[in-house]
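Following this line, the structures themselves.
The same chain A turns up in both complexes below, where it pairs with chain B and then with chain C.
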Partner chain A sequence: MKTGESDGLNQTPLDDAAIRREWRTGLISALLVLLLVFAAATRGGADIADPQTPQRLRGTGDLALVIERAKGSVQIVETSGNSRIAGVEGLGDLSHASAVFSRDQRYAFVFGRDGGLTKVDMLDQRIVARVVQSGNSIGGAISQDGSLVAVSNYEPGGVKVFKTDDLSLVADIPAEYGNGQRSKVIGLVDAPGHRFVFALWDAGEIWTLDFDASEKPVVTKYEDVGRQPYDALITPDGRYYIAGLFGEDGMALLDLWHPEKGVRRILPDYGRGNEKMPVYKMPHLEGWAIAGRYAFMPAIGSQEVLVIDMATWQEAGRIAVHGQPVFVMGRPDGRQVWVNFAFPNNDTIQVVDAEKLEVVKTFQPGKGVLHMEFEPRGEEVWISVRDLDELHVYDTATLERKAVLPADKPSGIFMTARASRIGL
Partner chain B sequence: MKWLVQVISSLAVVTAVAGELPSEARQAELRYLLTQDCGSCHGLTLKGGLGPALTREALAGKPAAFLSWTIMNGRPGTAMPPWRGFVNDAEGEWLAQILLNGEVTQ
Partner chain C sequence: MKTGESDGLNQTPLDDAAIRREWRTGLISALLVLLLVFAAATRGGADIADPQTPQRLRGTGDLALVIERAKGSVQIVETSGNSRIAGVEGLGDLSHASAVFSRDQRYAFVFGRDGGLTKVDMLDQRIVARVVQSGNSIGGAISQDGSLVAVSNYEPGGVKVFKTDDLSLVADIPAEYGNGQRSKVIGLVDAPGHRFVFALWDAGEIWTLDFDASEKPVVTKYEDVGRQPYDALITPDGRYYIAGLFGEDGMALLDLWHPEKGVRRILPDYGRGNEKMPVYKMPHLEGWAIAGRYAFMPAIGSQEVLVIDMATWQEAGRIAVHGQPVFVMGRPDGRQVWVNFAFPNNDTIQVVDAEKLEVVKTFQPGKGVLHMEFEPRGEEVWISVRDLDELHVYDTATLERKAVLPADKPSGIFMTARASRIGL
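Coming up: the complex of A and B.
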């Protein structure tokens, strides 16, 4: 600046003019910089609409993936404001599809009916890898460390295991039994110690795959666990694997802390009984509700929710409900249990008070209520209503409906918080 | 094999009601039921799931009466439930026919 040359007292009018010019130049430069910054910011904003380029920073903890079963697409939604973010198409036949999440909660692995395994980027909202790994599959699981994803297949019966980063094949385990027949595989879950556990519908067996030592898994087979295991669950602590039996009464339990003790039968009265009640939709055992020492699970063939004492594995009670239960899901705090039903009662939801052991609310969201998913801390629950092509969000305390979102024949709803839970 | 005897004994009944077509509106309902609810075991595209595939190719050579009997009465020893009470005999026969003809989706 000029001030070093003039002491103020000697300032001439010419000097004043020079100073004013200087100020003007500075002001114009500053405005130009501002303009450039503004332009850059505007361009950045335009980029948000383009899924291929990096977006403004965002977490994934409040995201969910919704299966649109008939269209072969998924929706990505967010549960903080209950809104749709994007749709992703091209996932094949998604009837009975399910999903698991990478440990960083960025990627979803979607298991389709047609054997398709698709890796979806929840942030970029696009497919990043896809393989059609069998002719007919039913679900899958992600390993404890997140490095492997396993798929259970009906046709050809068995389990295939892939690397999560590029979906390259790591292991192919045919579910062979008897004279080389292959069984449909159901109830595939992850277990602590880099294990996967699953059951063989046709063979009546439970197998474990242990990946602890290397990429070549150690297979352990438990035979004669009961006829036609139709689904299974692992307790949230990863200790007990329990398969429901369709072909006879009872459930098969494997204590993964003591696999050497083998599979034992529990709940001899669990089942369809002597009359063999027809079942219009197989119940799902995953997501069963636990409150204190009691667990709640769907009866099979009867219109009841069973209450199980987990300390003794004995039946502690039965709650009469509106239809044959499909999902019996516990709110994360365990205080409420939400139940949906098989055809022809699939328009209804009932809420059971886990302390009083009674139904406290019955309501009809619409025909084809296929799935429910609680937000991670349980203040809201998302429900898919297939025949209305809608997702409903309810406040679980007031049971008031908070939001309705359009979705094409929605079925499963999967929130990213599943990433940090054993068996989901 | 008791169910097989029942199949044969019910053939006459099935034949008697054949020919009565469900109304247009009811046909749409039945197609929806077939895709969505039968689809929960047999797959949305009927290529199979826990239950066997019900595509035209998979059913080739199976008698219509056997299929409609199975729809109405279920299949003892398997997970297939009876649908009597939700569909009547004529509707069961019609469902068997569209499955055999591969005309489930229109």
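Coming up: the complex of A and C.
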């Protein structure tokens, strides 16, 4: 703008109105540019933004992601004040979904039933990357250093591994066995040493992927581990990988400190037995509970919680419960174990005293209790009650309900503290 | 600005130069106002700010706070790229200091030697509250729900408890014993149920503060637990509180699941013995290591790491090491135990194989190795090397050094993942 370059003495001669128009145009342009820059700036942090806009600049240690299974959306909530922060839509089929978190706890990686892998920015409250990487997937895991995310697929059966940065494909591991058939993959977890471990339902095998040396993983296969592994877990120290078996009794155990010893069978007297009791819903093993030397697991097909002595890997007892257990979750201090159940008992929660090995509380939050997640130090637990479209928050000491939040057909609840845990 | 109110037709008559000056003044004023607003806006979030300005909008799961003991400052670093984010000064005497974190992992509470309690906003990178609450303090803890922060004081001996919101005083518990003397307080930890537990050096007592019911805590005192408890720890499940004894052999154990059973003595054959070996630096118990059923602790006065069977609380072995151990820290998967040492051996680190119970690596990072902190899933460990003014980051699988960062006389390193752990 020439007229602004000097004090006005050497300007090109223009009539007064033209000068004023030019000044005004310049001023308006400058204002517009600044407003645009200002708008861009406030997108990056919202301390002074519209009060309707959720605050972005905040810690991420108390965040959680809630799956809304019917809508294909997720809620971002916080557990300090127990409130909803935001919703994010467009994640595809979340009828069976789970999530893991980046090591900075800003990003969630959501595994959808339809093979969708979606990276959600929980501070900016939006999807930042999404790939549909298979036709049907069942879950995933994030590597120890946070650089890789792996997905276990039913169709086509196998595991795909992506960079967490941009979801670019790093490795594609078809779960081939026998005469080139492909198996459904279940029970995928991360393990120390930048490894992933998973089981092959159709093949009866356990495989490890070792990314320690490079982006090309070393695959190690353990065959004949047992018929139809249906889910698996890894102990919190990342040492023992244990797969439950649907097709026969017992469980399969791999000691990752000594992979050379191979997979061994434990708990030979436990299982669906000769009668093959019907299973109304596959139990989840991931949420198992540990108190001292004992581990608590959902028994498959029977209305019992299994107690296992981890020093010997022998069965140490069974606790009769209200229905077929689905999740058996330990309060972080290990003193309580919370259990939910398969249909038709999925309106109920039972709390087990981990020392007395007995049920101390039974209550009905409502129909469709699908998941529970304890706050990291265990003072409260969040429960999704699908048919009420509600999340319930309970004080774990008094067992009183502290908060109810609306949610559309909620299922899985995932807290960011998982980012700092092995195998979650 | 009158001349801007219309299209120029109805303006007050002014000469051309005056009109131009007025426009220009108006434009410059508008620009200045917008720049100020813009500057205020970008303080709230810095995605587009000056590249010199550290980014504020970010996850907090990979942050750590490093004490710079001589300058009274802290560094904020991140463990994903292993880089420095910012420094914050003005925390007083940090010659012996530690930190805990708010449950959202945004705020650090730093306990200084001079009784200073400082709340640092790690995203805004500044002090938001500070009180000098005693003449000489030794550490602190944050309650299970994150609402209270407690400080253990030498002078005057006792515990003060503050709201984490604003550091307003909630409770003042003088550590009185005998004829009204006051004892130094050590080994303060949080426990499930909104409790704090600590020990009284001069009195030989262990006290619990229970805030479960209200802001007025219930104090429970256990007398005659042993002479001169010098530090203490709580097991990761928050069940067992164990105090080391300086004045006699053995350790004091309180089962917080059964406080009615009182404190019992364990490890009667362990201690400084009749000869009362000199102790060059008090070992820290907080960082003890657990692998399976075994716990590893620094032996006081001798060049050994103590191995304890947690099923029986009997001594299970001793591992000869390079010097008097100060910190004995377990890698999060429990397979390795890292040990540093008191002067004159404080230039050395030893790595113990937790299964073979033997030293597998000895190396010298440099003089003044004061602290170690593992990243939450254990792939790397950070070490402060005071006399080199450096932080070293090691890959825990290869034991290779991955990064070196400058720091002024660094001591304690505290990662935000502690916020989600009981007793840290």
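The rule we apply is simple: the second predicted complex is superposed on the first by the 368 of 424 C-alpha atoms of A that agree within 3 Å, B and C clash if a C-alpha of one lies under 4 Å from a C-alpha of the other, contacts with A are read in each partner's own complex, and residues count from 1 in each chain.
To be clear about the criterion, contacts are C-beta pairs under 8 Å (C-beta built on N, C-alpha and C of every residue); 3 or more make two chains touch, one makes a residue touch a chain.
The shown structure was predicted, so the numbers you read here are calculated from the model rather than taken from an experiment.
By the touch criterion defined above, A:N136 reaches chain B but does not reach chain C.
Legend: residue contacts after superposition of the two complexes on their common chain; A:A397 is shown touching chain C, with no touch to chain B. For chain A, the partner touching the most residues, choosing from chain B and chain C, is C. In the superposition on chain A, A:S95 makes contact with chain B only, not with chain C.
In the superposition on chain A, A:P278 makes contact with chain B only, while chain C stays out of contact range.
Contacts of A:D145 after superposition on the shared chain: chain C is touched, whereas chain B is not.
Shared contact residues of chain A with chain B and chain C: none. Residues of chain B touching chain A in their complex: 36-37, 39-41, 43-45, 47-50, 74, 76, 79, 81-82, 86.
Contact residues on chain C toward chain A in their complex (touch as defined above): 3-4, 8, 16-17, 19-21, 23-24, 26-27, 30-31, 34-35, 37-38, 40-49, 56-62, 78-80, 101-107, 122-124, 144-146, 192-194, 212, 237-239, 257, 291-293, 311, 332-335, 355, 376-379, 397, 416-417, 419-422.
Touching chain B in their complex are the following residues of chain A: 69-70, 93-96, 113-114, 135-136, 138, 154-155, 184, 186, 201, 228, 230, 246, 276, 278-282, 343-344, 368, 386.
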